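There are two complexes below, and they share chain A, which is joined by chain B in the first and by chain C in the second.
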Partner chain A sequence: MSPQPQAAVGAPLSRVDGRLKVTGKARYAAEHEVNGVVYAVIVDASIGRGRITGIDTSAAEAQRGVLSVIHHGNAPKLPYKDNKASNNPPGARLRVFQDDKVRFHGQPVAVVVATSLEAAQHAASLVKVRYDAEQPSTELSKGKPDKPTSYARGDVEAGLRKADVRLDLTYRLARNHHNAMEPHATIARWNGNKLTVWDKTQWVVGTQTELSTVFDLPLKSVRVISPFVGGGFGSGLRCWPHTVVAALAARVAKRPVKLVLSRKQQYFATGFRPEYEYRLRLGSNRQGRLIAMAHEMEHETSSYETFSEGVLDPGRMLYSTPNVSQAYRTVPLDVNTPIWMRGPGPATASYVIESALDELADRIGVDPIELRQRNEPDEDESSGLPWSTRRLRECYTVGAREFGWDRRSAKPRSRREGDWLIGMGMAAGVYHTARMPAEAHVRLDADGTAVVETAASDMGPGTYTSQTQVAADALGLTVRTVTLKLGDSLFPQTPPHGGSMTMASVGSAVLDGCNQVRRQAIKLAIEDKESPLYGVNADDVVVRGGRLHAKGNPTRGETYQRLLSRNDRTHLESLGSYSGAPSTERHSLHAYNATFAEVAVDAALGLVRVRRVLGVYDAGRIISPKLAESQAFGGMVGGIGQALLEHTVTDHRDGRIVNANLADYLVPVNADVPDLKAIYLDGEDREADPLGVKGLGEVVMVGVAPAIANAVFNATGRRVRQLPITAEALI
Partner chain B sequence: MSTELPESESSPPTEESAPTRRTFVATTTAVGGVVIAGGVFGGSILSKPEAAAASAAPSSRVTLTVNGRKHTVTVDNRTSLLDLLREHLDLTGSKKGCNAGACGACTVLVDGRRVNSCLTLAVRLDGAEVTTIEGLGDGDRLHPLQQAFIDEDAFQCGYCTPGQIMSGVGCIEEGHAGSKDEIREWMSGNICRCGCYPKIVRAVEQTARRK
Partner chain C sequence: MHPFTFTKASDTREALNAGRRGRYIAGGTTLVDLMRETVERPETLVDISGLPLRDVTVTKGGGLRIGALVTMSDAAAHSKVRSLFPVVSEALELSASAQLRNMATIGGNIMQRTRCTYFRDVTANCNKREPGSGCAAREGFNRTHAILGTSESCVATHPSDVAVAFAALEAQVHLLGPGGERTVPFGDFLLRPGSTPNHEQALTRGELITAVELPALPRPLKSGYLKVRDRQSYEFALTSAAVALHISGGVIRDAKVAAGGVGTVPWKLPAVEKHLIGQRPSESLWAAAAEKATEGARPLKHNRFKVDLLERTVERQLRTVGDNT
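Up next is the complex of A and B:
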């Protein structure tokens, strides 16, 4: 098959849905017009653990407009069948209003349904719940860890004994909340035994299966619609209890119900990046060649589900290390269940490993980049597999040159501008390239336009745009004549919109579907005596701008429109598919970065200001450069938050989150963010997937926090081994 | 042009009455089918009509102009401008991000000044002129800042975008767009979790320069 000209892929296009978004016409979950909709507001548990002993709903029900107050005392019993095709962690998921147990502060204990939002909100505040409260356990250091997941190669203790340099470091990372700007929200509507929900989710298929199992409905009886997602960062990767509450409320009230979580409720009704304690023992020779690394990490999970994430990968494969041990423990606490948050696992592990390498570099007097170069592995030492592509050395070289790394003083606290101490730091980042099965339906109409339907989401990376680019080139159409439709469970299935796998997985399915349709058209033409392409070898036909022509002879050809109308074809169509990663990988596949940061720290006040960030990425082929730059900036800004600001604070007396709002849980604002720069290395990864992409959304966040932390050390000479690095830690 | 909304179900105001029924539920009798604990719900989870008639919130009639169009509405006195726009006028371009004035997603112009519509009660706005993202452009022609947001890719998920743009319009009008640093300060009431700040600054700066 002749390769198609690549006109759209790689071009710095603006978003195809840009106009909808800047005019306010893109409809997010709570904004769909549904006739007769009423409002639901959840009542949250005000204790951290215990039992409900009574609920007084009289004052709430006396409010005009209140239709129903539902709680465990009157709620229908829900089937809650097992859901194996889900992102639900091992354990027993929270069953809304099915018993009197309170498992964490903020657990839904009732829901008020009313004809107006104001009435529902006020009535919810009037529901009186009595509890038999127990002391919750919410402190990571005081919990009882589960049995560890372990890994070992070589002999770590022997390696540490023979090392010239040994470090034993413990790092702490605060809990972080995704805090996407769009609150989680659901509109639920029943039609007989059929349920339609408009939901904020990163996986319409996952929400569909969860609702079908909770209510024991055939999968086809549940439709989930989510065309626009106002940010996710992982919080929409599973169906949360509030979505079930909305559906339940709609069934009881016999009306469509809209339920929007308050900002405060996001902090306990959806998940979070868990708090970690991470001890790393490291041994090297005098030249900095790593001999041994022993990782022991633990993080919080809920009492009812065991959440885990891929935190072990970087410690096994990022640096050449003959002796490695890992022990990974979850600690069940009286909290709600965590969920993956941008760069899940590596964004935590890399902070620890990259900070420790910086400490080692400082100890032995070797430049941090040189230290990393000395430990660059030839293969993945955890699997013995060759790298598909690994261009980390190039990331270092390009980054050092672009950032002016040679201006960094190796001696900490040696550069000062007035009150400000100036420092530079760097770190490496890595994220594995995941791929999963996906499908996409492609239809080429006789008017020469095409529609691609796939259940995938676009939470911001630009799925609409980048998939349009892929489809346009594969069909030989202009971007303008291709329409992408996303976020509907009626469309062909896709994996969760997360783990940086949408482009690799869904993109490959779109590519396949478009290739098939193009081949159908070519076959039609070369077998049609009336076509100028009659008799031409199929491999010698390309399509460009909606016109098929012989390769090397653009004048010999015809348009899709002419071909289809002459043949009385209203359309051509195909279901494209991608089978995902092979059952046995033959390569180790990862995206990489080198991230550089410069900070200024007020010597007296400890205030940290980020002055510059540069990311250099080895992420395979870049489909949509303009949007890829935005993704990288987003990762850097997320990393600034993780490094310096973000910290969910729990009052351990009652398990209450005390800063559950955007005034007290600090996220970066405009004034916190300097000019940022992102450089993507040209190239592709042919082993990864048909498109040659390695995924972007996660890797751009990994490495940012340690680069900033290392810059803070370079500026101040102070090593803060906890995130966020706040002013009080520096004075 | 003027539209008259039907009186909402929460009006007109009636006397507040104290709850008369005790619906205290003993939990041990719960669970199973639509089982009603102690029968206090009278066989249905749905509230009885007389309960629904009990205590209503005061409401008011307000006439305000939104995007050049005059509306006379009866609003629950608790209704914020944001909820009026989103839930009653089907203008969902203004976004609810925090409902507490901390994120700026709900930013609109009231009499030319940028305000957090989530913190503004609708009843206060009799006679006010409100401009939302839906009314910023000139028909199909985008406002230059809307176009600059597209050109600079100054958004990703798009949820904060209407607020950013309305705030940016205000920022430029106020004369606070003289430099990148000044824009950063005066645009810091609008959170973008996707992290598009450098591009937002560029879009505002360029639009201010062209003015």
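Up next is the complex of A and C:
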């Protein structure tokens, strides 16, 4: 942090963009007003694999208002140059309308462009596509896995042999979809060879590079604008085919084109958290000290791209274990490509590891918290690096006290209220602290207000607000006099808005830029004979409320306004930057949590009702406590969904997603969300980044599902090794 | 959505005239959804929301007549519905969401179409939507589908909650058509799929539902509705039970029981009722009676659990209603 007083950082502010949002003035992707816009609707493949043998567009084209129907038979060939600077997984990305192959159910096979949305929708339903259909392969258990990514330390098999207690457990996790409130949407407009796109994305820079490579345009010829994102959870971390479809349609129709995916289309036009099968073999001594853990996990990916995620980290570093092996396999299937979803990797691994630890605790009769304490490592055993900060023990202690863990009976089925069995469970959570290079432009105007521009997104965590807080303190301004501008590829570059790295990365760049501007102003003042601060040492000047003054003497000073106008300066500006994580880390950096859940289970009817959830977080410095609390609540709600409700169902006969809507794909509603409480341990991580933050958007979801699953076991004595836990598993 | 014409009927006669060639629409909460999916493709919509069918009245014997255009929320909150037939209020309040209940009407509710996801996906085979095309659900993902009243052609459930209460209470449906008025017992109004799952109600072309009448039943009558579902609100039933018991002198004199979420139509349970009548309430009675609920059940691959769950749901609701008497 800067030597400045911290007035805004740490204050529980409401969202600075709250008024815009509740008055509808915050413009989301499909809401931007673009003159002359026409509407595009995608026709989805109704087979899961095969070839298109014919497309009859006559009925569609005969509709009034239809401008064009584009498909592989008439679409311009697109360059699709390699894109190395992207989140595209290894493989060959889906090239829209470039061949007759159908690779998954729902793949775009045509797009209708019309002067009204209604005409485009109706015409799309009239496009007749004939197929030569083949049997798709969409079942994880029946696919042929790729070669594994492996890891080993010690000798796992020997470790398991000498263990007193051995568990061999296989867990299954359903496919989950992000289901953000805002649908994915794109407006594309060409001006000659220049392309402007308003898009729902968590990374305007990523969409910019993707479109520039797809159409082989200079990067500067593509501008991507996305000031507000109505929820993302990861689904906006890469540029999806429909965004290319919108740009292609706009080029063919020679009009700006708006394309909004239907709710149903979100289930196959964008990615998902893949379905997993995860086997864990675990050995410990009688006291529960872990000796060996062997992880074998596999998950689905598409036939054309190999998606992977950071599922290996927790198994290597969360608990002290001398012997660890991991084999991670992707299984190519006739599905679209998955993508990261909140807590990607650890949210899956922690369900398995934390459930298994609960099983071990039950087996050897040790309290689950005590078991974890016994296996607390002194360093990161996978790298030998010291922890930057690791306060998991404190998380356990605070959590146990606040939750009333002592009221839990170790014996399942011991607490009953009428038809309800009551149980408590807990789990640890972890997510690595990532940082990447970022830049931010800061301008302080002569009227004493400042504008900060950076390409980062705000998908809901409150980036506008928290970055404003950082900037306000570093500039010595009030929050009201600082304006953040986000989500435009013309602004200085930032990494993807995901992986809990926005505050660490972008925040550090904002801090740097603001520090530079403040120092410029201080230099101007102390070298200006007419300034009351003339001759004061630069380090002895602070700025508060837009007024520079000598540290021990608040009366000696002047405002930015006075200083700049006297010096005929319209503004001061700077490009702040942050270089990201060092090329060689000297510490192992992670955010942690201990999550506690209490559930009531009606065992006769198979109903699980979450009563309470508590999360205690070691996430470094908390910039914006009110928003951090909202983040934690959101993570808990996501975890309730993962544990009890969320399950994308595929009909393996033809690869269709059966429940591609919000009536059949269940997410928690208000009634499912009980008493939630979030506690952030006070502190900072000086090794992580200049702000001392460790990231929190991901870690808050990790650990919630296993805490609930463990509570279900404590309530019922029944161990369900499959998510979501539904009635049929309990009755 | 396919193009359509829209007319608003200002009185019943106008509605009946227009109804011969069109589809009636009131709250539109089901129909508009299905039109968006192109499952429904009416050429003409006849808006009947202006017709005078919004009254709830007590009948001579002490039953209730609920106008077809009474909204779900108004019906649920009506003091007479609450006091005389709590099972109806409860079923309504456990349905859908507050927004939908404010729009949807009683007549529309019993006309709503199945939530079978294959029915709602026009690229899937469905005999209900496209007779003769086959049933994708029978061998597909059928966790939420019916175990009772199914046929080779169709295994879809009727989604309504309040219809389960109506079936239990043996309501009457009042109809008005070009040929005049008639009354159909609720149990005959909704049709089992058989080989014609596209025929869902005993309605003739252009006929209009004017009211649902709940009969006068012997009092005291205790009643209630239990809905079992994965999430706590805004979801259709996995199983449900509507129970009404008339107990006097410590003996069950009359029992009305039906189940939801399990049948191709709301599933009246006469065997359960018969088992209860003349008996004294007891835990063992509830259990023995509930065993009869699953007679004839034919589960599918993913809904086997519904057989047990149905029995437990009925047992629980018998106990809940019966023990409070």
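Everything that follows uses one rule, which is that the second predicted complex is superposed on the first by the 729 of 731 C-alpha atoms of A that agree within 3 Å, B and C clash if a C-alpha of one lies under 4 Å from a C-alpha of the other, contacts with A are read in each partner's own complex, and residues count from 1 in each chain.
The rule we apply is simple: a contact is a pair of C-beta atoms (placed from the backbone, for glycine too) under 8 Å apart; a residue touches a chain by one contact, two chains touch by 3 or more.
Since the structure is predicted, the reported quantities are computational estimates derived from the model, not experimental observations.
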First, second, both or neither for A:606, with chain B first and chain C second: second
Partner chain in contact with A:490 - chain B first, chain C second, else both or neither: neither
Chain B versus chain C as contact partner of A:92, first or second or both or neither: neither
Which superposed partner A:125 touches (first chain B, second chain C, both, neither): second
Which of chain B and chain C A:116 touches, first, second, both or neither: first
First (chain B), second (chain C), both or neither touched by A:634: first
Partner chain(s) touched by A:644 [first = chain B, second = chain C, both, neither]: second
Contacts of A:410 with chain B and chain C, given as first, second, both or neither: neither
Of chain B and chain C, the chain that contacts the larger number of chain A residues: B
Partner chain(s) touched by A:727 [first = chain B, second = chain C, both, neither]: second
Footprint overlap on chain A, where chain B in one structure and chain C in the other make contact: 118, 121-122, 661, 663, 668-671
Complex contact set, residues of chain C against chain A: 1-3, 38, 115, 117-118, 120-124, 136, 139-141, 143-144, 228, 230-236, 238, 304-305, 308-309, 312-313, 316
Residues of chain B defined as touching chain A within the complex: 8-10, 14, 17-37, 41, 45-47, 51-57, 76, 78-79, 83, 86-87, 90-100, 102-103, 105, 132-134, 136-137, 142, 146-147, 149-151, 153, 155-162, 165, 180, 183-185, 187-201
Residues on chain A engaged by chain C in the complex (per definition of touch): 46, 118, 121-122, 125, 419, 604-607, 609, 644-645, 649, 651, 653, 656, 658-659, 661, 663-664, 666, 668-672, 726-728, 731
For the chain A and chain B complex, residues of the former touching the latter: 14-15, 17-28, 30-31, 33, 51-59, 61-77, 98-100, 115-119, 121-122, 178-183, 228-233, 252-254, 260, 262-263, 459-462, 626-627, 629-631, 633-638, 661-663, 667-671, 673-676
